[in-house]
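Okay, handing you the structure first.
Letters A, B, C, D and E name the chains as they come in the text, with residue numbers starting at 1 for each one.
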Amino acid sequence: MSDTVSVARASDTRLSPPVRPEYERPLEPIAEATIIKVLPLHQRLWQHAWLRKGVILICLALIWEIGARIQGNTLLLPPFSAAMKALWEDVLNGVIPGRAMNSLEVLIKGYAAGVVLAFVFTSLAVSTQIGRDLLSTLTSMLNPLPPIALLPLALLWFGLGQGSLVFVLVHSVLWPLALNMYTGFTGVPEPLRMAGRNYGLRGLRYVFLILVPAALPSIIAGLKIGWAFAWRTLIAAELVFGASSGKGGLGWYIFQNRNELYTDRVFAGLIMVILFGLLVENVLFRQLEKRTVTKWGVTR
Amino acid sequence: MTAPSRHVGGTNGFPLSAPLLSVENVTLEYQVPGRVVRATQNVSFDVWEADRFILLGASGCGKSTLLKAVGGFIAPREGRILLDGHPVHGPGPDRVVVFQEFDQLPPWKTVRENVAFPARVSGHLGRKEAAERAEHFIEKVGLTRFADAYPNTLSGGMKQRVAIARALAMEPRVLLMDEPFAALDALTRRKMQEELLALWEEVRFTLLFVTHSIEEALVVGNRIALLSPHPGRMRAEINSHEWDLTSGGSPAFQAAANRIHGLLFEEAGADGASHE
Amino acid sequence: EGKIRIAQQFGIGYLILDVVRDQKLIEKHGKEAGVDIAVEWASISGATAMNEALLAGNLDIVSAGVPPALTMWDRTKGDVKMVAALGSLPNYVLTTNPDVHTLKDFSDKDRIAVPAAGVGFQSRTLQIEAAKLFGAENFQKLDEISISLPHPDATAALISGGTEVNSHFSSAPFYYQALQGNKAVHKVISSYDILGGPATFNVLYSSTAFHDDNPKTYAAFYRALGEAAKWINANKKEAADTFIRQQQSKLSPELVLEIINDPENDFTIVPQNTFIYASELYKLGVLKSQAASWKDYFFSEAHGENGG
Amino acid sequence: MSDTVSVARASDTRLSPPVRPEYERPLEPIAEATIIKVLPLHQRLWQHAWLRKGVILICLALIWEIGARIQGNTLLLPPFSAAMKALWEDVLNGVIPGRAMNSLEVLIKGYAAGVVLAFVFTSLAVSTQIGRDLLSTLTSMLNPLPPIALLPLALLWFGLGQGSLVFVLVHSVLWPLALNMYTGFTGVPEPLRMAGRNYGLRGLRYVFLILVPAALPSIIAGLKIGWAFAWRTLIAAELVFGASSGKGGLGWYIFQNRNELYTDRVFAGLIMVILFGLLVENVLFRQLEKRTVTKWGVTR
Amino acid sequence: MTAPSRHVGGTNGFPLSAPLLSVENVTLEYQVPGRVVRATQNVSFDVWEADRFILLGASGCGKSTLLKAVGGFIAPREGRILLDGHPVHGPGPDRVVVFQEFDQLPPWKTVRENVAFPARVSGHLGRKEAAERAEHFIEKVGLTRFADAYPNTLSGGMKQRVAIARALAMEPRVLLMDEPFAALDALTRRKMQEELLALWEEVRFTLLFVTHSIEEALVVGNRIALLSPHPGRMRAEINSHEWDLTSGGSPAFQAAANRIHGLLFEEAGADGASHE
């Protein structure tokens, strides 16, 4: 017990705290909740995420506008205002909404199918060793393959049109989501996992009632990535194949205008994609996060 | 049959029927990259129906591991664990564990849901009954005011109490508790002990209880298994059915406590400062 | 001056450029004119990427089909003009549907694969013909059964069957391969029929700024093209070897030689029947400005030839 | 204390456990480590991941071979054996290795740049509110944009060739990685976070010494996704950009052979991509995981 | 000056110099979605240099929150916390906290690294010195055999001991400990108490110690603050410098414990079964 520690401080001054009188106090009644200090207006405004993000968006738009004007190459990079004008026109005359609807329809189908498949794969992977190996092998093999590589197969199996598009969308959504989901599942703390099994939960119920909520942050990140890559792939795929000109989507709109050098329309189409991205992020995913991980206090 | 006094067994000699839970020569090991950590070695004990069986031992002696093995989470490296004469295969709601860790509560459920949900899924109850049962046990652990809070907004001791309520609400045949009261202050702890024993009085479940407090062991248990320090080996089994919540400070109680202390720590004390 | 960056696409249609590159003709003509020319070659696929690279100033000379070149000329209000043709090669509409013999025979069930439905060389050609056949307001009638599919995939689909794609507006060498690979494949119409005779397939185009700032380099380049075209017609066997060497092609030399020997394929830098695009696409509203003649959108160096 | 619980079991039988004799036992000596039971050969073999994965790969190859033969459409889907033959030939004559080297060079540059940028962005995002908003806005806006949309900008800023390729690769790697990294960071348990700050760590040291290792599972998933999408994008971009000054990569190889209907070579190129995927997953990432998260016991 | 006996202060009346740490009318609240949870209300106390100051209170009364506020992790809603007369801004290595949670150890560091690393980065020591210091404290907490183990392979009590060793190795001015011994068995706990006090003897750091055990409070502390149940309010401050590790069972000690028990729980006991 008396080993001396090699400590820097001198040990001969032997500080001792003073002895103070004791006291007892009657129990204070519980006060009303504190009044939360009212912040100055600009600080209060700044607390709103939409405002901060709005400012960021305006800044980005300004940078674009100014950059484009400096560049002065409207055929390559039209100013923001020109793109917005084109967007406005083509929204009013119904071209963009129609194209967007076509895209969204395929997108949602492909996304949903990808999500379901990702669940199936990861559920298999968490329950069996061979499922685990299969997932890891398939993911590392297929994930790096560009969608065009699957084109011949898609043609053979699904024919032209939506079927093939959905197929390549699944390819885009499935692997990153499965990877993230599986990572989330493996990171669930052991006591939580044991509690779930202790409830008598097995198989899919175990996955859905324990693993999924516990891994939700990772899953949401995977869903976001999958969503973004579904868009990327859809736009790219609509360029390459599948769109018979009658019912093309946004990708087709972009491609056509790009071919005809209507660069302002190209950017109008891209702005549509960006708007969808912002909308889905700030409404759908934000709400999902608010109602789950934020409410539960599992992420900051 | 009139209600018998609590600790008197049916037979007073060695019983003829079989124990509910038999741990037979169980060695438990963890495989960590590069080496094998032995948690317990050749541990045997029998738990009879309605026993309040205590595992007592030093920190790191394998109490939690043993409890998890009985819970079905860890397979013994050697020996076997029998429940009703059948080897234990995997976990199940008949053996509910209160773990030592604070993060055993699903953070996506409120306190109320955390208690009601397992009672429902483990198959016993409908939604409404489960909710009522949850209400009841949340009140017992003194968390009624926090019934709608999420676990991440609770203090350590409160989390532990939710886990206790959850386990009680599941009404398992065997209740496995791993230092459930460690994070509680004296009064709350006392209350929890009272509640646990009152419930036992009523339902007569079987309890396997890990603690590091000798007093608690004497008060809560009717039989105490003493484990040696790492790796855990059987040291002794001691009867403690004569003590209850009221027997706190008596000299006999003190003597029993001292005897246990001696059994547990005499070797450890002998090799002194090295601690291991 | 003294530097030129040229982009070509992939395929037999760019044989002239392959020869220029193989024989270092630009450097040769540059030296004759007293400039050392550094030539950079890039391979880029697709007209859009070509156009963007030209607009971004990453390339001086790019190559693509006539319609995209006209679009560039139109949108840049004459800042981009064509340099020379890369030869007249026909495109065939092929089908495996035994009932289809003319464009009018196509029904809703058929699918015509084109590289870019609605835009691009093949679709524009179809639109011109559709306007003739079905009236100007129905010029997009065939677009409705067109489907975007790259040439190779469409060819594979045609040869092997088993997909919905039963027709293809095909270019060399794909139509040779398709016709050889599957007996059921037959020709419906050739672009030559639509355009009224041999017509330029691909052209080279460049920016006025490059043309005006680098007269010697430009002249050397133009002369190199002319020499290459002549050489090809005189040395078809060697031209085939050049193509295979330059593009590291794995096509059989016989097939390449067959294509070069085919009298329909004329490797000349003289533009032929390009004006029909300029006028028809203006009528369809695709082009905003009207060209009085083909000379409006070609640089003056090409004007001496007996073009169209 | 005497509230009665509404319990099903009859409470009048009053079970009582028997009283057994006490016993004490001398302390058993610590035995040697148990001899790990020797499993039968096939089970022992099955424990090796490479074997299991090898079997999966062989199965996949067989399915491909048989499927292709049944389909009988070699132009769209050549049998596995044909693709392997083509691969073998073009590996021996040095074509594929050369192309692969070209691709890898660009890939690694773009990947590295993307990873570094992702670190910068997420470090900003964890330390400031505005950084957080910026990351979330940029990610939701830019992530869904297909690389072709950035092509004009890439051409303007970086010209033809590697610069532009690296740029689109960064676009592919940066956003998904940043998303995953940020998710990982926000999920670091509070006590760990507090411990780190308690050490006096701030800024980048805090990020690198606490957040990064704590979020490593998420980061590794992000790295895997980024790696896969870098390949996808590179192949697709090489189709468009082709080869400048004779240095085409694997994408160009695939494009060229596709154009000449050498479908077996197309698949040979894709097999190369797959092999790189398997290699990187099973060597690089596997080792990384083994030396970190698995060793630490933070994932199962 | 000869070594004075441990608990005798320099002055025996009220001291003239200023306290090291002043907690002044501190109200701490958590903002959870939908409501505000008040953890402590209007709490004030002064800690003097070399004090061994104990916070004692019921489960959920805000002890951990208070400790985190002193650590600089939570800003007071009202009132202020002064260290050396300056308000506390954020955490720092001068106030090291041993948290109540088991997952406070970076799982990517072995026990040895977990102890050595903070000692190094907090600026005091070079690599070699830090390693030596780590060795020393790991031995003190009895984990030498597990020095190369990763935290995830340790039992609950072992993790807690690593956290203690880590905090001691950092040699902070103020050591904040949140129920550090709760997960430890009687003997280990006793040893840890001895080590802590021995180190205090030597270095005379200032200790702010949360516990729920009245006995531990009397033994470890020289002054004890009693907090009321939720939300935590000041109930009393009591001197306990006369008790030490040897004074365990004496009647005076028992009386002091009973007095504290009364102060803490009399109201709680009065409203009986409702617990809240």
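Here, a contact is a pair of C-beta atoms (placed from the backbone, for glycine too) under 8 Å apart; a residue touches a chain by one contact, two chains touch by 3 or more.
Per UniProt, the chains are A, D = ABC transporter permease; B, E = ABC transporter ATP-binding protein.
Everything numeric here is computed off the predicted structure, so don't read it as measured data.
S.K.: Taking a step as a move to a touching chain, how many steps at least join subunit A to subunit E?
M.R.: Contact-graph shortest path, subunit A to subunit E, evaluates to 1.
S.K.: Could you work out how far the Cα centre of subunit B sits from that of subunit E, in whole Å?
M.R.: Roughly 28 Å separates the two chain centres.
S.K.: Hey, how far is the Cα centre of subunit A from the one of subunit B, in Å?
M.R.: 43
S.K.: Counting in whole Å, what is the centre-to-centre distance of subunit B and subunit D, each centre being its mean C-alpha position?
M.R.: 42
S.K.: Which residues belonging to subunit C are in contact with no fewer than two other chains?
M.R.: Subunit C, residues with two or more chain partners: 52, 55-56, 150, 153, 156-157, 162-163.
S.K.: Can you list the residues of subunit E that touch 2 or more other chains?
M.R.: 32, 101, 103, 150, 153
S.K.: Quick check: what residues of subunit A touch more than one other chain, meaning two or more?
M.R.: In subunit A, the residues touching two or more other chains are 1, 73, 76, 152, 155-156, 239, 295, 297-298.
S.K.: Looking at the whole structure, which two-chain pairs count as touching?
M.R.: Listed in label order, the chain pairs in contact are A-B, A-C, A-D, A-E, B-D, B-E, C-D, D-E.
S.K.: Which residues of subunit A touch subunit D once you look at their complex with the stated criterion?
M.R.: Counting only subunit A, the residues touching subunit D are 49, 52-53, 56-57, 60, 71, 73, 76-77, 129-130, 133-134, 136-137, 139-149, 152-153, 155-156, 175-176, 179-180, 183, 186-187, 190, 217-218, 220-221, 224-225, 227-229, 231-233, 235-236, 239, 251, 254, 263, 266, 270, 273-274, 276-278, 280-282, 298-300.
S.K.: Write out the stretch or stretches of subunit B touching subunit A in their complex.
M.R.: 68, 71, 73, 90-93, 95-97, 99, 101, 103-108, 117-118, 121-123, 150, 152-153, 170, 273
S.K.: Which bits of subunit C are touching subunit A when the two form their complex?
M.R.: Going by the criterion above, the answer is residues 47-48, 51-52, 55-56, 68, 71-72, 75-76, 111, 116-120, 123, 140, 143-150, 153, 156-157, 162-165, 286.
S.K.: For the complex, which residues does subunit C have touching subunit D?
M.R.: Touching subunit D from subunit C are residues 10-11, 40-46, 49, 52-53, 55-56, 58-59, 150-153, 155-157, 159-160, 162-163, 174, 177, 181, 247-251.
S.K.: Considering the complex alone, what residue numbers of subunit D touch subunit C?
M.R.: Going through subunit D, the ones touching subunit C are 71, 73-76, 151-152, 155-156, 159-161, 239-246, 248, 252, 255-263, 265.
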